[in-house]
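Paired with subunit B in one complex and with subunit C in the other, subunit A is shared by the two complexes that follow.
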Partner chain A sequence: MFHWLEKNPFFFAVGVFLVIAFAGLVEILPNFAEASRPVTGLRPYTVLELAGKEVYKKDNCIACHSQLIRPFKSETDRYGEYSLSGEYAYDRPFLWGSKRTGPDLHRVGNYRTTEWHENHMWQPNSVVPGSIMPAYKHQFTNVADIETAYAEAVTVKNIFKTPYGDDIKAGKKAWEAYRPKVLAEARKIASQMKNKDVKDMVKAGKVPEVVALIAYLNSLGAKRYNAKK
Partner chain B sequence: MQSNAALEYDYTIAKLYTYTAILFGFIGMLIGTLIASQLAFPELNYLFGEYGTFSRLRPLHTNVVIYGFTVSGIFATFYYLSQRVLKVSMAESKIAMTAGKIQFVLYVIAATGMVISELMGYTQSKEYAQMEWPLDLLIVVIWVLWGVIMFALIGIRREKALYISMWYFIATFLGVAMLYLFNNMAVPTYFTSGGLGSIMHSVSMYSGTNDALVQWWWGHNAVAFVFTVPIVGMIYYFLPKESGQSVYSYKLSLLSFWGLMFVYLWAGSHHLLYSTVPDWMQTMGSVFSVVLILPSWGSAINMLLTMKGEWNQLTDNPLIKFMVLASTFYMLSTLEGPIQAIKSVNAIAHFTDWIPGHVHDGVLGWVAFMIMSGLFHMAPRMFKREIYSKKLIEAQFWIQTTAVVLYFTSMWIAGITQGMMWRAVDEYGNLMYSFIDTVTVLHPYYAIRALSGVLFVTGFVMFAYNMIKTMTSAKELTEEPQFRTPMA
Partner chain C sequence: MNALMVKGLIFAAILIGATFYVVNSMHIDLSDPINLITMIGAIAIAVLTVGVSIKYINQMKSDTASGELAEEKWDGIGEYKNELPSGWAFSFLGTIIWAFWYWTIGYPVNSFSQIGQWNEEVKAFNKKFENKYKNPDKATLTAMGESIFLVQCAPCHGNTGDGLSGKAHDFVDGRISKKQVLAVIKNGSNQLGYPMGAMPPMMATGKDAEEIATYVAGGLKGKQPAAFGVCAGCHGADGKGMNGMAANIADYDDTLITHVIKNGKHGAIGTMPAFHDRMTPVQIKALSTYIQTLRGE
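Right, the complex of A and B next:
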């Protein structure tokens, strides 16, 4: 039988394809619907938080930080309650990471403050002596792309039925109307920061990357729950 | 079958990919050494502003060595050996030749686009699938072209039965196509929001746990179909050819091939042990990972036994040294992987440096060794000159072997140290170490790993120099060597 296959490349290729596709069908498909259900009370990310998630992706924080607390006492003692599937329902992409050169961040919003993050992103050593994390000073001057974040919110609302409000709609006009809300959220965070460039930029109607990132980091944990009953 | 003495193979495309393999190999490994050094000496993060941080460079390292070095190596060896095992010349097929040239041009464009866009921070943040959607589309075209060429050559072949290497290349083509397509499913937000924001941005079709499952179904099997399957295809050609020995067992090759195809795809969920993926999937991942030892060792043992009665070649032919050690590292790596996939071991190993340690005994000791020895075997036959220096290959072999050993031993110790410290508790049951304690303790191991990177790159520069000299100024050959590669 195998000799015959080796002389018939078409059937050989079909055979290989069936054999390799089998596992995916069995392992991935059955759980799809259930795994995408959110836990009760979870709200989607705000537009500013989405912009912060893009900063998290752009500077590739997952190279060193996980967002997955495993169900071991040593992990729940260190980071808080273990992670649940439904908590990730609005995470596109998932950002679990695969390496902890630095600590897990899935509940970092529960125990770190805006002020702490500002110091840490500017000079990690100043709050964690011995840290080998690089400083991310460019995030204090680079402008976060809140328009793209809004475009993402529109997309996931329309295509994946993520529960955003009616004020998130496609088109330039809707975005111009929504923009002040993002800036207001950014101003709130900037008011707790001390960096002068950051304050000036926010005043001028621009959102520095670090502000968006801190909004995102603060949202990791309890703050995204019980938004509504 | 008639004698094929008159058949002149056309190596135009194979040569082009040989050049890019050398170029991307050097760049990718250099970046790897830089980021390894950054973990030991953090000041090195500030060499190139925001573009030089560990986090920004790490995916660039993995992408350049995977899609630059390894994929170039796969294409170079494919365009060389497929002609020979099918007994056709690429020049006989207009379609294959034209498609080959277009494919190379698109490949260079895609690779350049990949480097630039990732430096700028455009990323899907999915490991080994960082490239954004425009590049993904380009890669689909490149891949389809490869399929066209492969089946065009198969269509006009003179040797009716496909040789083992071809099985593996066909599987590479199909496997990567399926996995890449599904994992990169994403919606570009520009078009769905009425033209808002960046055109480069897209959002994944899957969310959370589902995204993780699809990603590691891809992540793990990208390792299968880029770092394993085509490399096994290479060794099945180059080792018998270089040693003049026939493959030890046909039945073992059959069993290993179909076994590998069936088992590999199940094992992806071992990247998600103790995550929010259902327990039964995690257990399936563990079990199939252990079963995976059988087909992996099947191929490796088949290759080692091919050398039966001819072990003396190991002492006087450095290319045999490379290939035999490569299959040995393959055995080490495919034993280590399943061990890490056992849940209780994974509880310690996951998230630690033991994982990059495991990856690198595979990619340096197995993949890079096989690609380099394959290219060394091809060079005199493509450029009609003998290898420039045997001494240089010998020195390269020992330097790089030392590098690999330093890499995985230091990362084994680092990983297990880290894993143990994270869970250590004092007599009252409180955690003993703060997180930063588990970072600073690793400094010496990070320094050793950086040194190993320097050694490996040094060896690679020796390889590149030897290849360039072979192409340009080594002694010319009057006729093609049959088995053993001639070297000065």
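Right, the complex of A and C next:
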């Protein structure tokens, strides 16, 4: 019945191209829809939060934690409101993940605190009995790369028009002027922590990875919406 | 029976033997149907793999190509006609026709919405929940409260509510610790939204504050220190908060727990986020009932 298709390879190739192109359009076009623009009141990540996001990627949290709450009652009961595509507008890349060995983290900032994360990253089963998550003690001594995070902010501002303020711009001078703001944000988090190494490092003008990571985790949820409190 | 068959049977026997060996050495409990089915499945896979391989290896040795040649040739290489069975072909054409219907009429007119499905799911659940727990008794509330506590509260307050050695508020050992009372006296408090409003800092100092803290942490037992008068103005002489006007510092009550869940809290130990949008009023009541059972005497 379809033997005639095979007699004309050129026609067949065009047909295959059309079918695949159509499938591509169906996948790609929705990304330009209104629904994937930033949701109202969403602010971009601060530089410290971006540095934390890099720690999240580097220590491969995505291997066990997702960041996408599906619209099922069982999930919204446990993790909070379901996720909307516009919430990921400033995530480059988004960190949806595909495996939940641990819980979803998309709204973890709404129900966990700096103190909790400090205990949990140092010794997970001290707060979650039976947790199989490994301890991440190295994050308390490793220094987070806030300069690269700043560069990332400058890049996404210039290329994708991410709405950062005028104080984020290219150049060493601009970075030197901006650095104290990042450190102030880090000091605020470190003041709620108990670890002495972390406090000393922040005092010396360095940002430990755990501080950046906690800033990022706290930002996941309502804290990135200007409209809400 | 040829040599290949013999080799295949030996190989299958080895695989089956290995399966039994693993089952034995790992002390797998075969009375559990899941384990039994898994083991039977493993044996079936071994037998089928060997059987199918033997069939095709034999076929490759003896089979020759046959059939009717199609007319087209590429560089002298032809192919046999191998038509799609007509039933498959017609189903395929059918799906193409169905796709046109789906793009133009089916999906736009009757589109599926995940969020709509979620709304319906939540609506149905809430209705069922309201009916089931219209007038819950204390045992129901305590059981519900425990399950909520284990999910929402235990990560900080611990499975038993002991606060994980000082990481969060301890519900078991008294209402409030001396350290916490001193911190509230020193810093004041305006977090919980009680009608009485903000508690100013430094209402008592030095020895007075110490005495108040010892008295409150001790469960308001024994002789009331004179300095407690300044607290009694809002919290009542019995410390119970004058029927919800101010925080109850003697016991846990529904008002106190509702206020904390609604507003969150920042105190001597640390910060607690607000949890009100994660629970219904009945669930908060259940949680409060459960927390009141935690306190040991």
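Things to note:
As a working rule, the second predicted complex is superposed on the first by the 195 of 229 C-alpha atoms of A that agree within 3 Å, B and C clash if a C-alpha of one lies under 4 Å from a C-alpha of the other, contacts with A are read in each partner's own complex, and residues count from 1 in each chain.
Methods note: a residue touches a chain if its C-beta (ideal position, glycine included) is under 8 Å from a C-beta of that chain, and two chains touch if they have at least 3 such contacts.
In this text, all values refer to a predicted model and were calculated from it rather than measured experimentally.
After superposition onto subunit A, partners subunit B and subunit C are found to clash with each other. Subunit A is touched at more residues by one of its partners, and among subunit B and subunit C that partner is B. Applying the stated contact rule after C-alpha superposition, one finds that A:76 touches subunit C and leaves subunit B untouched. Of the two partner chains, neither subunit B nor subunit C is touched by A:51.
Applying the stated contact rule after C-alpha superposition, one finds that A:183 touches neither subunit B nor subunit C.
Once the two complexes are laid over each other on the shared chain, residue contacts for A:217 go to neither subunit B nor subunit C.
Once the two complexes are laid over each other on the shared chain, residue contacts for A:112 go to subunit C alone; subunit B is not touched. Contacts of A:144 after superposition on the shared chain: neither subunit B nor subunit C is touched. In the superposition on chain A, A:121 contacts neither subunit B nor subunit C.
Using the contact criterion defined above for the overlaid structures, shared-chain residue A:7 touches subunit B and also reaches subunit C.
In the superposed model, A:192 lies in contact with subunit C only, and not with subunit B.
Of the candidate stretches 21-29, 39-47, 57-65 or 219-227 in subunit C, only 57-65 runs into subunit B once the two complexes are overlaid on chain A. Counting contacts by the rule stated earlier, residues 2-3, 6-7, 70-72, 77-78, 128-129 of subunit A appear in both its interface with subunit B and its interface with subunit C. Interface residues of subunit C, counted against subunit A in their complex, comprise 70, 72, 81, 83-84, 86, 89, 114-115, 117-118, 121-122, 125, 151-152, 155-156, 159, 164, 167, 269-273, 275, 277-278.
Residue ranges on subunit A touching subunit B, taken from their complex, read 2-3, 6-7, 9, 12-13, 16-17, 19-24, 27-28, 31-32, 35-36, 54, 56-64, 66, 68, 70-72, 74-75, 77-78, 83-85, 87-103, 128-136, 138, 142, 145, 147-152, 154-156, 158-160, 170-172, 174-175.
In the complex of the two chains, the subunit A residues touching subunit C come out as 1-3, 6-7, 70-73, 76-78, 80, 82, 110-116, 119, 126-129, 192.
The touching residues of subunit B, counted against subunit A in their complex, run 38-39, 42, 45-46, 49-50, 53-56, 58-59, 121-127, 151, 154, 160-162, 167, 170-171, 174-175, 178, 182, 187, 189-190, 192-198, 201, 203-204, 206-215, 217, 254, 258, 261-262, 264-266, 268-269, 271, 274-278, 281, 284, 288, 347, 350-353, 355-356, 422-425, 430-431, 435-436, 439-440.
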